[in-house]
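Quick one: the structure is below, questions incoming.
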Amino acid sequence: MPELCGIELEHPVINASGTYDAIAARAVFGDALLEDFPFAAFVSKTITPEPRAGNAPRRIWETPAGMLNSIGLPNKGLEGFLAEDLPRLAALPVPLIVSIMATSREDFARCVERVAARREVAAIELNVSCPNVHSGLIVGEDPAETEALLETLRPRTEKPLIVKLTPNVAGPAAVAAGAERGGADAVSLINTLKGTAVDPATGAPALGNGYGGLSGPAVRPVALEQVRSVRAATGLPIVGMGGIASGADAAEFLALGASVVAVGTESFRDPRAGSRVAAELESTLRLERVSEPVLDLD
Amino acid sequence: MNAPFGRRLCEVAANRDSGGYRVVSLLDHEGPEPEPGQFYMLAAEAGWGADGGRAFLPRAISVAATAPGARGGVRLDFLLDAVGPGTERLCGLGAGEGVWITGPLGNSFAAPAEVSPGAAGAVLVGGGVGVAPLALLRRRFGERGVPHRVLLGFRDRRHTGGLDLFCGSSGALCPEVRLATEDGHTGLQGRVTDLLLPILAGDDARSGVVYACGPPAMLEAVRALCAEHGVACELALESPMACGFGACFGCAVPKPGGGFLRLCVDGPVLRGDQVEEVSHAYA
Amino acid sequence: MPELCGIELEHPVINASGTYDAIAARAVFGDALLEDFPFAAFVSKTITPEPRAGNAPRRIWETPAGMLNSIGLPNKGLEGFLAEDLPRLAALPVPLIVSIMATSREDFARCVERVAARREVAAIELNVSCPNVHSGLIVGEDPAETEALLETLRPRTEKPLIVKLTPNVAGPAAVAAGAERGGADAVSLINTLKGTAVDPATGAPALGNGYGGLSGPAVRPVALEQVRSVRAATGLPIVGMGGIASGADAAEFLALGASVVAVGTESFRDPRAGSRVAAELESTLRLERVSEPVLDLD
Amino acid sequence: MNAPFGRRLCEVAANRDSGGYRVVSLLDHEGPEPEPGQFYMLAAEAGWGADGGRAFLPRAISVAATAPGARGGVRLDFLLDAVGPGTERLCGLGAGEGVWITGPLGNSFAAPAEVSPGAAGAVLVGGGVGVAPLALLRRRFGERGVPHRVLLGFRDRRHTGGLDLFCGSSGALCPEVRLATEDGHTGLQGRVTDLLLPILAGDDARSGVVYACGPPAMLEAVRALCAEHGVACELALESPMACGFGACFGCAVPKPGGGFLRLCVDGPVLRGDQVEEVSHAYA
């Protein structure tokens, strides 16, 4: 049975933060969502100390084999989340990981303490990399900053701390090493790549925010390379993500050293992508176990 | 009624022309009957994403008509305007091809009395491909005996897509339907709001509710006119949707008091007073 | 008539370094190549002080809407290039830009002097960003290093120096600003994004080199965002590239501040992509010039 | 003879089964007659890159046969094995669909006397989809009166793709063709190298040249056997190609003395002594 920082998982596929609203999906799809929940653990959308409305539209833009988003972390804020959302997320049949982001170590610490205090929460993901909120960038670009943040947070909880790295750096491995030194339990990568597009109808940037984050199959090669380089630099478990759309894609991440994978954008195309990827992965791996090298010399 | 969980593969039963648009019919063996205003996320099984990597995401399309499927299930008719790679691919589908669908999604139009206490009748106002959800709404109003009038706007003779969805089985336009065309080749020469204005100015306007779907500028005109005349309205909006089920937060529409609605789960049908101004930015 | 650092160009589309071998193409396609040369200027493959054989295969791998390469800069070396290739490239009907890379300032300086001394050469592109040769990375990741390199090279020639930036950094704009301070005449971007893939048949990295560089439409949103941010930080002309496959794509780069665009990977799919993009761009721009805002009210 | 500059759109004239492979015929109105061993870069006009963004690059495919086109030009026949998204799409093409082609590209097989002074005859050794260029070569040798034998290897009854390209107009296998099959259902039970070995060991072996195309392990066996017996050979290799015209440097094949050849412009046909060892790494 796969596990992540001691959390047992039915299979190695979880969701990428911000790409699945289990509460909304429950309302749309009903109990079937719970009976056949697509992910082995649920990661919440990133929450911030205060409520946020998110960015002005337009927020999404399709690109070749991918998409840009500038959602801007709309959320109810720490207290709203704890009061309204957490109890409903606790009803999901899988462990809950809460993603948080803040613009100061103190705020981060407060969020970690308040969230970790809740029994329903299995682990915390620290979003130090969201490309849509300027202040979020700084920590994740710098190994020392990241280490210092972890040193602040580590004493506040015994629950696993997963650091979500930003891919928009020259060396993600150095930042991962900083996270490890600071006491992180795992890293997750990649967040979205900074990107933009021009609306041909206006000649101006297509997104309301001017730029956004790129996700989907287009970024998979970049994600795989970052996983490979982070694997070489740390012993931490890796949650690998970025463009996973099939079991074969997931297998690439596992081959390069990820312990668990996350599905993001593909869920938009297929609300049960998580289960599908897990099933495809299972049969890929089973196939590998039984297959003999095929001789093709005729 | 919930949508079945996940996407499912449906077969194209037919694909016919409708005044420049296409009506693509799918056979759905799993889903419930959709309500007027609801939509589906559609993606062709084959060839999606070809040549340049788009369409990559599924496309939100309103259901325009339903019927019992020939071999069980329900036939879903979609009215499609080929404006880009996704709709082009969908418009080019042949009978027997596969389409991934998720839905029915979103809310639906409410009965006049639910929108405005005491309102008994309805005025349906549609333009362009936005006539699609109104076709289904009119059918339901007809079945339920809700008095209604239909006002449709078209650019010119070559752009009358979807008009046949408002025809009876005889093929003739139903009597409660009135047209405005910009070139005046049929109906009133002008815009559909020119047909709406006298109705809103009429004595009995407040006993009715306006239901509108169409291009943003038309919706904004309808919204503003209704607000001015104190007549309740429901607008079926569009916004860019990646998922259709509340997952991506991409479909944000500004709320009058600040903040945003997610059009896919809070809409696509919004009351006039839930919208500040219908803008191209999110439509 | 478009121009780049004073070099007049027939149209604003040139080739991306390393994606067109005009000598090989001449042998394959004959004089038709010269009669209808697809680019307004020709940029050579990057040359290095000494000859290089390039990386061990496998060197290319297809990815969603793009490709990975780990070619490894095979070239005849400075002297081989000057003796054998330059005279033949001089026969092309367009201005010649020579791309060079070296692992020390002295070597760079020697290359610049030798190349700039040749009348056939209109400008020099400095590749400080090739992700396939380790030493190439360092300069382009660091604004001060880049500035210092330019300060060394600037006095050696009056010919335009174009700095090709690496995209694998947190802030390409800062590096561009460094290049400007050092005396560069233009910047070009983006080079390929670091990426990898796993061969499903072996479970190991697909490229002989372990990783490579990602190019093609998949990277276009990243390229556009870097052009946007570099435009905001410098006044230098920008040669924009990364996933350009059509005139509409090129128009996005121009809208965000590029003066000239370059076509790379698309030439593999269409050997005359350069001309096609230029023609499509021309008609896009012409269309924009004449079109009135269209009223689309029912 | 140069290839026309750039890619051009050709129409699919036919697409038929050939023992598990497909023979796809294109009508080329612009290009010259290709030589045996040459290849084209192919990409379907529609649907290329669908569903996951691959195939993105064009695919290198050898020409297997040519004929005058029904309405002028030349008909190019390609033998295709559906191993991934690109070849699958090409194998699924219907008559009338469009295909972008660039070519003919690469070098071609040389006459026996050019490869080895004094050699008069030829032994063609093919396996799998690698029989394609040998089919065209055999035709040319036949036309030019070059004595030749053909040895083809197939796995089993279900894998005999391309065999019919070696049949005469009567539909019967030409007499100079011998088969080896791993299941022994026809011809020799064994490998094609089992047919080659006695020929190489024969007294007159050096008056001939071996021409081979097939899977890497077969080519390597042929190369090593020929080297051992001092018999000249030409191998048509494969390597990953992005462009086919020398632009990308992706198709590198190691040279015996170090360094690399670009298979698309220096090959695809290499003499046995130009290759160190035929490896899966670049094939």
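Chains: A, B, C and D, in written order; residue numbering restarts at 1 for each.
By our rule, a contact is a pair of C-beta atoms (placed from the backbone, for glycine too) under 8 Å apart; a residue touches a chain by one contact, two chains touch by 3 or more.
If you're wondering where the values come from, they're calculated on a predicted model, not measured in any experiment.
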Report which interface contains more C-beta contacts, comparing B-C against C-D. C-D
Relative to subunit C, which chain has the most distant C-alpha mean position? B
Subunit B and subunit C have mean C-alpha positions lying a whole-number Å distance apart equal to 47
Roughly how many whole angstrom separate the Cα centroids of subunit C and subunit D? 35
Subunit A and subunit C have mean C-alpha positions lying a whole-number Å distance apart equal to 33
In whole angstrom, what separates the CA-based centres of subunit B and subunit D? 55
Scan subunit D for residues touching two or more other chains and write them down. 49, 52-53
By the touch definition above, subunit C meets two or more other chains at residues 63-66, 216-218
Tell me the shape of the graph of touching chains, choosing from line, ring, star, complete and other. complete
Where on subunit A does subunit D make contact in their complex? 64-65, 217-218, 245-246, 295-298
Given the complex with subunit A, which residues does subunit C contribute to the contact? 63-66, 68, 137, 141, 168-170, 193-198, 200, 203-205, 210-211, 214, 216-222, 224-226, 228, 243, 248, 251-252, 255-256, 288
Which bits of subunit A are touching subunit B when the two form their complex? 18-21, 23-25, 27-30, 32-33, 36, 45, 53-54, 56-67, 69, 71, 74, 208, 216, 218, 265, 267-272
Over in the complex, which subunit D residues touch subunit A? Could you list them? 52-53, 127-128, 153-155, 159, 180-182, 191-192, 214-215, 217-218, 221
Listed in rising order, the residues of subunit B that touch subunit D in the complex are 46-53
